[in-house]
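The structure follows.
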């Protein structure tokens, strides 16, 4: 089945998938903290729309619950909380230069290709119209990971972490119309707690090492000197 | 059934209560009491399973069989004995002003919260909930790792949080893939993630998806097990948190993650019809075992040293389950128990030793046996036990594993033996001066309750000398579940 | 025969409509900035005036300097002839596909850059080096974007690309979303608009295009200016017709041709307005940020390609 045979709503889901991937790339390259938070919120919003569409087209209404949990958590609560913390820690104006941005971007592109080939055998099996998006969601997860690796600021790492969660959620939505409700609730609870804990950690980092720059975390070594 | 619910409800209630009164001066005793109650209910639950076979809760949400019930028991036991140790230890920390009231509330609440997540992870029938619980265990312990708020402990906490979070996310992707495979067989089913359902349909699941899923699951939960090269968080988290935390992290959390991997292997290996999961586990296990054994030599912090020893033993267990077959699996299951008990005993002893010496630096801990013979002897015996000396239980399980390896993978025996010798040397090099050396002037004994250590080491000794019939039948049942054939 | 005639008319329309588009953008921009502004047909007057003026050539200039304006203009005009503006299916469309079009632009740019360096003034050399830097980054992105479209429609010929898109019922191609975004960024860079270059000034040290044509005068200057306007026109028409192909005439019936003309006029006016709004809202960026900007365009086009492969084909 090619794209042209799909109903328009599902084409729209595919486009949203592509846009979610695009926001991942933006996150990878974005150097200003506040813009980073906004981009993350946008990613959540796209995810919300995609989930709603999936719920509509598939008729699985429990997906709406997941969609609204995403809206509440990823679009409003977490960005709001991060923003508040950024204001309170007075790091709004901080700019993080992403070391060798173009190399990181190319790495992101390579990850997309990698996830495509990893997921290739699975796509053949799915009877969902949106199966192609599994590769995209894996790419979002891996790009989130790449972001955690390349970024030095704690806030950026947290956003990378949360964007990985976005990718996971998206994978669950597009591969299987979401997980069973009890699992969805559990995962959402974990994300909520993680978001709060990250907030606490920002303050601990600030008071402990005087900065939110994780490069300063260099006291512990694999081999004691 | 009620016993199972109580086993989960008691820690849940305690988590909430301690959030309010955790700083109360008798909170430590209350913690002990709660753990004792949990242990009692889990014991009754275990007896029930032993007599009547596997137990399934009405909503199919919880499922207890021979494989997980003994881990529940070990969990509750280590939780109890660590609580015994934690009471004077934390009282001492409050006395010297390292923690305040708010942190004591956090500590006690999260101690119970951690036990709760562990128990949920073990008893749940839902593979998704298993993930939620393992992630929950990270969240419960992450603030405990940074409890002392030193720069080092905050670094350890952050690393722990990020690395485990990233790792465990891979496991969730694996879980999604398993659900995806299951949905093809059981379309639209809410119970397509239930272990009890999946097990019956294992043969119908799509192998290509499961192969991919297992890789993600192994990487994800493997991070939690501490498999090299995903182990970086483990020594930091163990060394910088309060010692009771290190004891339960090392004794329980790693086991649970391994349990999750083995559960998936049980599901996926029959579906694939090949031994890919086993080979992967052998590879990771061998690597962890070797690398951790070498890194053991280069440590200067006593808790870090023993956390590398934990990685080494987890590698050994992963190897055992990877080799498969009744002999190795039986050995692996036994090793889970004895390692759990021995390592938590060691961490308890190390905690006291660090109080005696006032430091965790190996170079500065000297002459334990003269200052406080009970600590010195426990330390000596604990290290002897973990190094795999007969007549302790670790020897038995390692012996079983070796026999299985000789049968199935004779070439692996050589690196295995070398690795054991290296690790052994690493431990004993430091042991002698710490136990028998000249104590620094002014070193005085501390108030210590060596009962948990004694209890653990006695059990380990007992398992080494003669495995009781009950336990061996039990482990055999579990072995049958894991590999299809029993040993006995 | 009718086809050839139409092709000639269409090329003429493109060539003579170009100054109006440029004037329109300028006029809207002035309005947005609360200025009176010259009327949209002002560029025609300027060009006429320049054609009437004497050509002054620097003593050091080589023949390249003299022929460059003619080469630049004729190459661009030739490019005009292959761009389907009002109708597809014209005989000229078969002459060249989109890759040749990119080649035409590259040839024009080559002579422009040579002419810029020819006289040996510092400004000209600076402009040329900048132009080539930008071009070397923009071209890969542009080709990648074009290939993304070509893969979907299975042709690199502009007319058949547009024809394919008109025939299909409405489809939402994720790759087109990205290719559109990427190509818009490339087009802005290639036509020297804000934020990459500022067409409205001769006085900045950071100018690119204006720096290269600083030494030209009279009809040479007119041809250069007209060539630049043509380039803007071609890019605008391409963007409009590739991504919003509705209204383009598929046959030569008078009514459909009329509709085609009306549609492209409307689209171009809207696009010009959008460009003016964007130019008013944005500030010119530092030259060193341009590689980042074009990197973004490249990533967008790359994502377009990837999403085509991952999401659209099977």
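As written, the chain order gives the labels A, B and C, with residue 1 at the start of each chain.
What we mean here is this: contacts are C-beta pairs under 8 Å (C-beta built on N, C-alpha and C of every residue); 3 or more make two chains touch, one makes a residue touch a chain.
Being a predicted model, the structure only gives us computed values, none of them experimental.
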Quick one: label the inter-chain contact graph as line, ring, star, complete or other.
line
Mean of the CA atoms for each chain, then the mean for all of them together: which chain is nearest?
A
Taking CA centroids for every chain, report which one is farthest away from chain B.
C
Ranking chain pairs by how many C-beta pairs touch, which one is first?
A-B
Taking each chain's centre as its mean C-alpha position, how far apart are chain B and chain C in Å?
66
Roughly how far is chain A from chain B, centre to centre by C-alpha average, rounded to an integer in Å?
31
Using CA atom averages as chain centres, what separation in Å is found between chain A and chain C?
37
Give me the residue numbers in chain C that touch at least two other chains, ranges are fine.
none
Could you list, by residue number, the parts of chain A that touch chain C in their complex?
1-4, 8, 11-12, 14-15, 17-19, 21-22, 25, 29, 101-102, 105, 108-109, 112-113, 116, 123, 132-133, 135-136
Spell out the residues on chain C that touch chain A in their complex, using ranges where they run on.
168, 170-175, 177-178, 291-292, 295-296, 299-300, 302-303, 306-307, 309-314
For a test of understanding, state which residues of chain A touch chain B in their complex under the given definition.
118-119, 121-122, 125-127, 138, 141, 144-145, 148, 154, 157, 161, 164-165, 168, 171-172, 175-176, 179-183, 186-187, 189-190, 193-194, 197-198, 200-201, 204-205, 207-209, 214, 217-220, 222-224
Under the touch definition given earlier, write down the residues of chain B that touch chain A in their complex.
61, 126, 128-129, 131-133, 135-136, 139, 142-143, 146, 149-159, 161-162, 165-166, 169-170, 172-173, 175-177, 179-180, 183-184, 190-193, 206, 208-209, 212, 232, 235-236, 239-240, 295, 298-301, 304
